[in-house]
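Take a look at the structures below.
Next, two complexes with chain A in common: one pairs it with chain B, the other with chain C.
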Partner chain A sequence: MRGRVLYRLLRPLLLGWLLLSVVFLLSRLAGFGSTVDLTPETDILSSRQFERQQAQQALQKRLGLNLPLFYLSVVPHPSYGPWLLAVRWHGRHNQYHQWLRQLAAGSLGSSYRDGQPVTSIISEALPNTLRLTLPAAASSVGLTLWLGLRLARRRWWRTWVLSLCVALDAAPLFLVATALLLLLANPDAFPLFPAYGLPESAGTESLWESGTRHLYYYALPIGSLLLVTVPGLVLQLVAALEQEAGSQYVVTARAKGLSDRQVLRGHVLRNAALPFITLLTDLLPALLAGAVVVEVIFALPGMGRLLAEAAAARDYPVLLGGVALVAAARLISYWLADALYAWADPRLRRQTTLPTHA
Partner chain B sequence: MPGQTRACAARLLCQLMHRPWYRWIALGWLALIVLAAASASWLPLPFQPGQTDTASIATAPSAATQHWLGTDALGRDVLAELLYGSRTLVGVSLPATALLTLLAVLLGATAGYWGNTRLRLTRAQWLGGSYATLLTALYLLLPRTGGATMMAWLLWLLIGGALAWGLGRTGWGRAREAVPLDSWILGIAAILGSVPRLILLVILAAVMPFSVVSAILMLGMLFWPGMMRLVRAEMLRMKALPYLEAARALGLTDTQIMWRHAWPALRGLVATSSLLYLTVVIGLETTLSFLGIGLPAEQASWGHLLAAARLAPEAWWVAAFPGVSLLLTLLSLRVVARKKII
Partner chain C sequence: MLGLWFRTALLVLLLGSCKPATPPAAQVRIRWPRDPESLHPHMLANAMAVQAINLTYQSLLAVDASRQQLVPLLADSLPAVRRNGSASFFSYRIRPQATWDDGQPILAADVAFSLRAMRCPDLPNERMQAQYGFIQDIKISAADPRRFTLVCAPYAPDYRMLSGDFAILPEHLLDSAHTLRTLPLTGIDSVAAARPAVAAVIQRLAAAGLERSPGRYGSGPYQLKTWQTGQQLTLQRKHPWWGDPLQATEPQLTARPEQIRFQIIPDQTAALLALRRQEVDVYAGIPPADFARLRQSAADTARLGLYTPDSYEMVTAGFNTRRPVLRQSLTRQAISCLFDVEGILNGALHQQGYASVGMISPHQPVFYNDSLPADTFNPTAAITYLQQAGWRRQPDGTWQQLGTDGKPLPLTFAISYRAGNAAYEFIALQVRTAAARLGIAVQLRPAESALLTQQLQAGEFDVYLRSVVGNPFAHNFIPLLHSASTGTAGGNYTGFGSPASDRLLERLAAAEDTLSKRKLLRQFQRVLQRERPLRVLYFMRNPIAVSKRFTNLGLSSLSPGYEVAGFVEKPQP
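== the complex of A and B ==
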């Protein structure tokens, strides 16, 4: 039992490490190929070429790119060519080992673009993303529960809302965000909200003032995230509630004389929650991915925009740091889901096999 | 339980969408898109995609300038971009979805049917297989490859094959061990799933810039896990059914069982879910183009057009036409897909 729990806790860690390693090796392989093709071709240019080569080599040395990539490398045999392969062992003096040691020490290297340590870049960008994603996550769960419970009692507007949910569920996030931007933050349409950026802090102000100002700037980004995540969740929750509503314990509960509301909240919701929790596991990572789109569109200086810019500039250390962070978010949401499962279903607390949602 | 819920959600959607005219409109729209994609280069368009008309920048749709759907902030004709964009859309997303479906069905059926214990290879096959994999990996890692490298690889492969065959004749080599196919396939799916796909795509776009072909390969190779799980679950359910047991008891080979008995039962599920994954792929492709890290900028794409809409917020026509087309396409695909579930 304890081994099983340990396995479930450690497996995502192992998967994250594997993925990071693959991304690291791929990125270094790609970066290596682009800098190594510098051979002098003509005599006139050769001195400048040579200087450039020297500069390249110095840069590579500074970034630690002159070391071998991995513990092992494969080269054609010196005397037999490709007919016999030579595998070289480099020991601990390689890029991967150094990167891993840095990672274990909590450092992610420094950016290729401005030489700042990646950890400080990320710690600058992360609060902006958290201010976007955490309220979005909390309010999407809240809104889903509220809407789902109201829709479970067949109202006249049920069909309309569900149809709207289907339509919104089909729309990709960037489309919704662009539509909101062009409708509600457009001087030619309805200039209700700011189109981009973050508020500058205006010195001394009360908590209320800064809160409302932040709300004003974050309303559209959070709104577009909500419009994309909530419809899918609502559709699933309504379906789950409907499925549970036909079961016998509901009949029993009604026969006991409970009201609709009590049956729904006390009995049905808890049983319908299990598949819903599975969906919640994906919510946090999905919101982080959504942050890439939303932050680019609304020009918020957060993790998502950092990742997109780093990808455009091929700033691999920053990219790897971002991936590590996203993988960590995934890890946390797995553990959270496990805890929630145990809360929702007491049987799982004693059972040795937890439900698989990996 | 999630599977049941999904089926229930599908039924709910069916109730909402169970109106015949929805379906006809959806099919008509999809046919229009495919037609536009096929005939884009033959249509007598006054402007070509990517061609900037400096005389009319962000002009409203009008017949006088021959920009029937207007121009964007760079002076490109919206109609031409839209038509050629539909060609990109169809040309990227259909092959990518086909690749995804192929991978998902192959891997899902394999994982579900053979599981962790069913496929038992002899030790000789094990050794030969691992040797071939290791050799191929080593030769792929070589910095430079040429004809001689290929020949050397083939030679070593042949030698290994001969040795493995010889080993298979001995008593030790003939003993069988199970292959944990299911665990392997689920493990790869879990690695791919440990980071959101959009972020994975952003990173891969940084490592190797996308062309049409590499975009197809990337989208196809990253998105199979979801559908693989569906196929695998269906296969697991089917494996316990009497007719498959009867087929096994009759002594049919695995290939016959898979092709003649399992595949016809899987076909409906595969058709439906591949339509749904088509919407995912289309959404991803346009998102990447929109972010400017997908296809090269000179390739006409609805995502590029929508990105240009932000440059001229007063030009509603730049955002409205591709946006509505994209939404209609995704909705139509859903309507068509839902019909098939029940």
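== the complex of A and C ==
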């Protein structure tokens, strides 16, 4: 039993380390990995070549990028040409070792751009993202269940709603977000909501005031996330409910005299929940990774924008920090999915708790 | 059902009732496309950072953008220059009125400290370290603590501006024990490692967090009030500020707005909506299509002043002269004839640009070579050039010539450019269409920005599209076209350069008086048009919209195109 617990604890750590190592090595091996560039996108007349070279070298030295990448490197053999490879050993004086030591000490390093610790950068961006993604996720679950259960009862508007869901499910997020912006924040249409940004804290204000102000600013970003997420979830849920509705236990439940509502909520929903749970737990890593498109369009300084900008600027420490966080969320979502499966289907619980009887 | 309607109506009412508060008076709100990332005056992370640093820190000299000339800022006059064969000397005196916020005078010792601080190891100052390597020593006058002379490398014209273009930091706040004073200006790197006291100062400098706290260590008129990364940055006017009494006589010390608020809005659609809804007052670098739409809207033109100052940014097409296909200037001439600049300016830029024969803007009539024929879209001329270059048309319509190795060489090339730039895509597609009509296959190769730079430096391209930013003070084209600037870290991607052209560029970089500069620049434009290592397609304008609440905008062709410190708010009716 102890071995099993230890295995369960160690396995995610091992997986996390493997994943981060692969990202670390790949990002730096990707051709332009070893150069943090000082040259802007445009050429500015006056910078001299030797100065640029010198500055580049000094920068790489300060960031430790002049060291070899890994413990060993494989190069073409000096005397036998490219047909024979020679392995060169670099010892512990390499980028990977230093990064690993830092990681073991609990530090994710500091940003190449402004020298801030990665943890503080992420802890600044994460709340902004969570304020956007948590309400969006909660309302998409609520809306999906509400709409799914209503649609399962075969209303006259069912076909129309389902067609609309299919259309929205196919629409890309940037299109939906821009359309909402141009419709509901446009002085030429309905300027109901602000075009961008976050609410300013106005000092002393009641919870109600602060709540409405947040709602005012977050309505469009959350709305666009909902419009893109909910249709897909509804389609899945309706399909699952429909499949279950033909089962014999439903007939039995009806024969017992249960109402439509009772059958649907007490019996069908629980059985239809399994694929829905898979989709739900997939939402968790997305919650932390943020929604780049929405964050860019509505100028919200969240995780998605942070990671996209870090990737564009080759700010590896921030990028790795973000990847670590999303990887952790992914592992937690697997555990959560396991737990929810067990709750939804007792047969699965028996399988996981009594594996030796199998 | 009634309940649902009621709830919806309540929600709409609720949302309609909470509009944002009107902006406080004397605040200018400016749109920034991205975060400045770091406000360290030695790092100059991007254009946004430079704009904020110029408002919070001060250097010895400044640029008067509208008159396009150097003016003294912390210095009381432009430097006196002396030179001999082995060195040049720039003598300055700091204004006697200039003080730090705590009332301490700004002295030559602060300049010396700033020069040493930008050479300390383990600080984010690599760019400054390299750029200011030419300053070898500083001699402070014994009689006047505000007077000093910078001892520099043998004279070059751009030293005049550079020698006064770095932010001055307060020695008494960052190195009160005067530890750095004892060090020579050159070789701080090696000394720092050996002396723990110096290492302690460096650590203090790093801990001061200049990345995020401008204002406290700057003598400029503004200080940082709030900065929410990726969202907004607000600068607040200092009261009192040392420059206040001088503003009437020295326009470069003007600082009128009480608050300057930079709103970071990455998306252009959202930025345009924010401008139209009066949520921002200034939006520079508006995409040409959006600008054209603004111009047509009566409601917007009533509220917004729309301006299109020139800029020194030009879009160029460069040829890899080392490629066998492009090694002859006649072939490059032929391809140059396939760029329909007039069509590009109409189609992709809504006329927010103008054509030029070379790297000098036609709006600089003194230096522009107006006797050169304008480059026009001319496929017939392209065919003539190709035939002169020895290309022969094949029965299938393509072109071939015999390569240097004796094998047939087909005429095809690829165009590399930064992915996602609409104007570059338009240009590349236009050239591909025009070339296809002549039987030349053109491939489009869009690439991510850093990857593109790497490809260009490695010479892995045929033709590139890229913008170059010039300035009115220096005509130094050595980084772009000198044969010494080729190679992995150089800016001469085309591989162009002959002893004669190198000599011309060197003489041009060293020229000072207008007459000889004019002669050399005209010659340079002629050589460029004849040899065609690159073709300048057009110079860009900088479309700017500013709320009509403000006057005295200080519009100019230097980035960012306006002088926010001079903005005056009209009295509201």
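A few notes on this one:
The rule we apply is simple: the second predicted complex is superposed on the first by the 291 of 358 C-alpha atoms of A that agree within 3 Å, B and C clash if a C-alpha of one lies under 4 Å from a C-alpha of the other, contacts with A are read in each partner's own complex, and residues count from 1 in each chain.
As a working rule, contacts are C-beta pairs under 8 Å (C-beta built on N, C-alpha and C of every residue); 3 or more make two chains touch, one makes a residue touch a chain.
Since the model is a prediction, treat every value here as computed from it, not as a measurement.
When the two complexes are overlaid on their common chain A, residue A:V296 makes contact with chain B and with chain C alike.
By the touch criterion defined above, A:G322 lies against chain B but remains apart from chain C after alignment on the C-alpha atoms of chain A.
By the touch criterion stated above, A:R314 is placed in contact with chain B and with chain C alike. After overlaying the two complexes on the shared chain, residue contacts for A:L288 are found with chain B alone; chain C is out of touch. When the shared chain is aligned, no partner comes close enough to touch A:S120: not chain B, not chain C.
In the superposed model, A:L181 lies in contact with both chain B and chain C. In the superposed model, A:T252 lies in contact with neither chain B nor chain C.
Chain A uses residues 178, 181-182, 186-187, 195, 296-297, 312, 314 to touch chain B in one structure and chain C in the other.
Considering their complex, residues 1-2, 4-6, 8-9, 11-13, 16-17, 138-139, 141-146, 148-149, 152, 155, 186, 190-191, 193-199, 202-208, 279, 283, 286-287, 290-293, 303, 306, 309-310, 313-314, 316, 319, 323, 326-327, 330-331, 334 of chain B touch chain A. Those residues of chain A lying in contact with chain B across their complex are 11-12, 15-16, 18-19, 22-23, 26-27, 30, 73-76, 81-83, 85, 87, 159, 162-163, 166-167, 170-175, 178-179, 181-182, 186-189, 195, 235-236, 238-240, 242-243, 274-275, 278, 285-286, 288-289, 292-293, 296-297, 307-308, 310-312, 314, 316, 319, 322-323, 326-327, 330, 358.
Across the interface of their complex, chain C is touched by residues 31-32, 35, 37-56, 58-59, 62, 113-116, 121, 124-125, 178, 181-182, 185-187, 191-198, 202, 212-213, 215-216, 219, 296-301, 305-306, 309, 312, 314 of chain A.
Note for the complex: chain C touches chain A at residues 12, 14-18, 20-21, 34-35, 37-38, 40, 45-46, 121-122, 124, 126-127, 129-131, 133, 158, 206, 211-212, 228-232, 263-267, 269-271, 273-274, 276-277, 279, 299, 313, 418, 448-451, 453-454, 466-471, 474, 476-480, 484-485, 489-491.
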